[in-house]
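Sharing a structure, written as structure tokens. Questions coming.
Naming follows writing order (A, B, C, D and E), and every chain is counted from residue 1.
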């Protein structure tokens, strides 16, 4: 059987490993991975793409999938967590240790809250700290986390908000100033697509991701394991 | 690295065949009409270029997805599913490269000396013969320029492709998409290597095309 | 809606001026050389097209960012910062549209009857005069096709722009970026409206250009 | 009565009116069309060949109606089989001299010229003394050489009528003599009528031709009585 | 001795060799260049005008050296101020007849023609009987009309020498007579030498010209003794 798994781009490395393990465990099954922006993945499914498993980088997209009856609430599982961190260029002089230090910054990069989950978390956190206005005049909106990372790494902005996993990609160019406290942790949901003709096999893949073996694999790529079910 | 490269070349070649044949034919047809419908069609054909490729990809998905009008028809009649298939990538690349072939081809056909076409008719040759044996070789230079642009564009296309065909390694993940993903995933070294590979391949093809054009020039003395 | 539209038009027009002037000039120069360096330059100029715009944007950032070689120079000498400014959007759009202007222009210049240029020289007119008063008007059709493609591409460009200029509403958020963001955010209704707006504007401009070309044809009878 | 012409056509441009109103019928197989420059001689030939649609009138050649609005007839150019020599020659710049001559012999698309076609073409090029240029492109030829190639391009096609627009103008006197005999041989060999534009009074005697002279009458170009 | 020519040039293509080896000097101000078609007459004019670089030799007109490798001289085309009439005319298709004639009067880029320039151009168009076509484009003109426009385009420029490649070939006899006098008037008015290619024996007497005849000797094109 061929199993099609749509996963967010940020998961590409870890899911490639997971697919190999799955194929080894299930002889005869082939995993076909499809990567893209979480929003694009949902659009594809809505327009009839034959997808069996959907893994997104945020819960909002999965919520929308649920609204459109692409997935059932019961099939949703959080399989990984991430942290939100503020990063600065390695050579930055001024010490930054909390959101309050945003006032001393000139340019702050974050993902567009409308479409990038990391950006949404960041702007919510800033708003909760009562610094919404401060951010408004300094912010540079990026289309994805990677763009934020590049801006910081190239010293074009003074500070950026990214996931912990992203910050780990460029340890020689950016350093983590502080971790942003979030009321709910950043969670990565996965679900079997309702219309999947291979629901049983698909479920086995989800099970693998949630299994200790799968979680260990994810951890190797910097994702923290999900809180136990 | 070889798999995406070969896939890219396959997709770009197929797309070029489609947009090349249709673009040159439409360019020829519209160069010969002064009907206002010609203007409208011309503008409509160029329109896909103005949309961000991702958005174009979204509309392609709407139309050619298995829930879309044309998508359903293709599925029913030809058993062809464009979503998540390399044929989808070809469609996306063809739509994107079409105006690049069509516009210069039309301009080149319009610049052909009408007297020579008339001379061909006087010699008893039919319209198809005139088109293929006079207009086409005389418009060759402009058409080649368009084909080169179209091919390079098709090779580099990823926004619309990603939306319609997805990014399935070994199946629809073209080199451009692989570069994009490598950048996204922070694998910069890999991204640079892939960018160098595609640039290199492209340079060879471009160099070949300019050589072709120069050689043609040398032979006709024009 | 009006702010991004006007910004888009401003950026596209500036980009077109840059890529139009340089593209036509280089097309003219390379049409006249047979040196192998001409081939190389030609290929290099077309190369940006093959890279995914986002990746191109990344490389532009490397070169023109405040830490980049050219970026630093621009900053020091002209006090110009391209990152996060509309000038950066212009640069991105110009780089992307350049090959679309250059290639057809070169082909059109090569197709100009060399005898007529010789006739101009015999009449005592200098090289610049020949270029502007003979070659340019005779190559007009192909050049116009390239300019149209370049303009539409500049209007639709968003990948490289987004990277270099960012997406600052009212400052660097062009219409294409706005459409892209609307689609990303799932605001489909808004995306459709914006796509319609840009398509409409584009159609008007395209229609104007085909009319210009047809009118020119009518007047010269070619 | 091979030639039954009634061509009416009116142009108006930039305040200038040009009007063609030419009627003539003749049974003489060789006709010389004369008249001052710009009077409309080329126009008449173009109308017969089908490159110009008259506003009204009638064109019949050798009994075949080419153009007659009353009958609703307007034969497409390529069905007229007119051996029309363009005043400005219109050789195909992208083809060699030989391929120019072979062009009309290959009405099909992919049909390759046979050895017989090649020989016919080379034979005509030889008769017109340009066989040594067969592999050259038109731009490498002198004016008179181009003129002869254009003539060869028609000669091989067995046209129904020869319409020659100043075919001898760029030739020196001995060559002109030679070509006259070749043209005569072609016309009588194919047994087709010949209508030729010329400014050379010697052509009249050489071709034993009837002369039709165009002139301006009441602002219109007409056949001089 | 206005004309001191020594032109050597060799082409080889597709197994055919063409070699030009022309030397002549003359003080006669009007020279008629004759010879059979394809002999190299146009080539000689092109070499003088600078459109063709000889392999070796020397070209001097009216004391001005145009080409002399020994002196390292090869005057650029536009500095030769040669009034060269192309055999195939080479009118600018995108310009009206009037603008064609004004073309060389505007050596600058943006400099607009003055009223005097316009009048000069129209006057020459009138003398050549094509003034009524001033606003037409070349493609709307008959062959003879185009020829006269091309002549007017040179006439207004006050060239140093007139190099006319069959300027009368497409004209009827009365008009040819008229143009002969106009060309003579132009040459003597500017007091410049005239070198003209012609196939018409009558030109010799009409222009009171010296005839230089080209012929093939030992496979090379040379001046006939």
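Simple rule for what comes next: a contact is a pair of C-beta atoms (placed from the backbone, for glycine too) under 8 Å apart; a residue touches a chain by one contact, two chains touch by 3 or more.
Just so it is clear, the structure is predicted and the values come from calculations on it, not from any experiment.
Any chain touching chain B that also touches chain C appears here: A.
Chain D and chain E carry the same sequence, and matching their CA atoms takes a turn of 180 degrees, rounded to a multiple of 5.
Compared with chain B, the chain whose C-alpha mean position is the greatest distance off is E. The pair of chains sharing the greatest count of C-beta contacts is B-C. Work out the mean CA point of chain D and of chain E, and you get 29 Å between them. One simple way to say how far apart two chains are is to compare their mean CA positions; for chain A and chain D this gives 78 Å. Centres computed as Cα averages put chain B at a distance of 44 Å from chain D. Contact of a single residue of chain B with at least two other chains is seen at positions 54, 58, 183, 222.
Touching of two or more other chains is recorded for no residue of chain A.
Each of the following residues of chain D touches two or more other chains: 88, 140.
Chain contact topology: the protein chains form a pattern that is neither a line, a ring, a star nor a complete graph.
Pairs of chains in mutual contact: A-B, A-C, B-C, B-D, C-E, D-E. The residues of chain A lying in touch with chain C in their complex are 37, 39, 64, 107, 112, 114-116, 140-143, 147, 150, 154-156.
For chain C in complex with chain B, the residues that touch the partner chain are 34, 38-40, 42-44, 46-47, 49-55, 58-59, 99-100, 103-104, 106-108, 110-111, 113-114, 141-142, 144-146, 148-149, 152-153, 155-156, 158-159, 176-177, 179-180, 183-184, 191, 195, 198-199, 202-203, 206-207, 210-211, 213-214, 217, 222. Looking at the complex, you find that chain D touches chain E at residues 13-16, 34-39, 41-42, 87-88, 132-133, 135-136, 140-145, 148, 165-166, 169-176, 199, 201. Chain C makes touch with chain A in their complex at residues 58, 61-62, 65-67, 83-84, 162-163, 166-168, 180-181, 183-187. Chain C makes touch with chain E in their complex at residues 115-116, 118-126, 128-129, 132-134, 137-138, 220-222.
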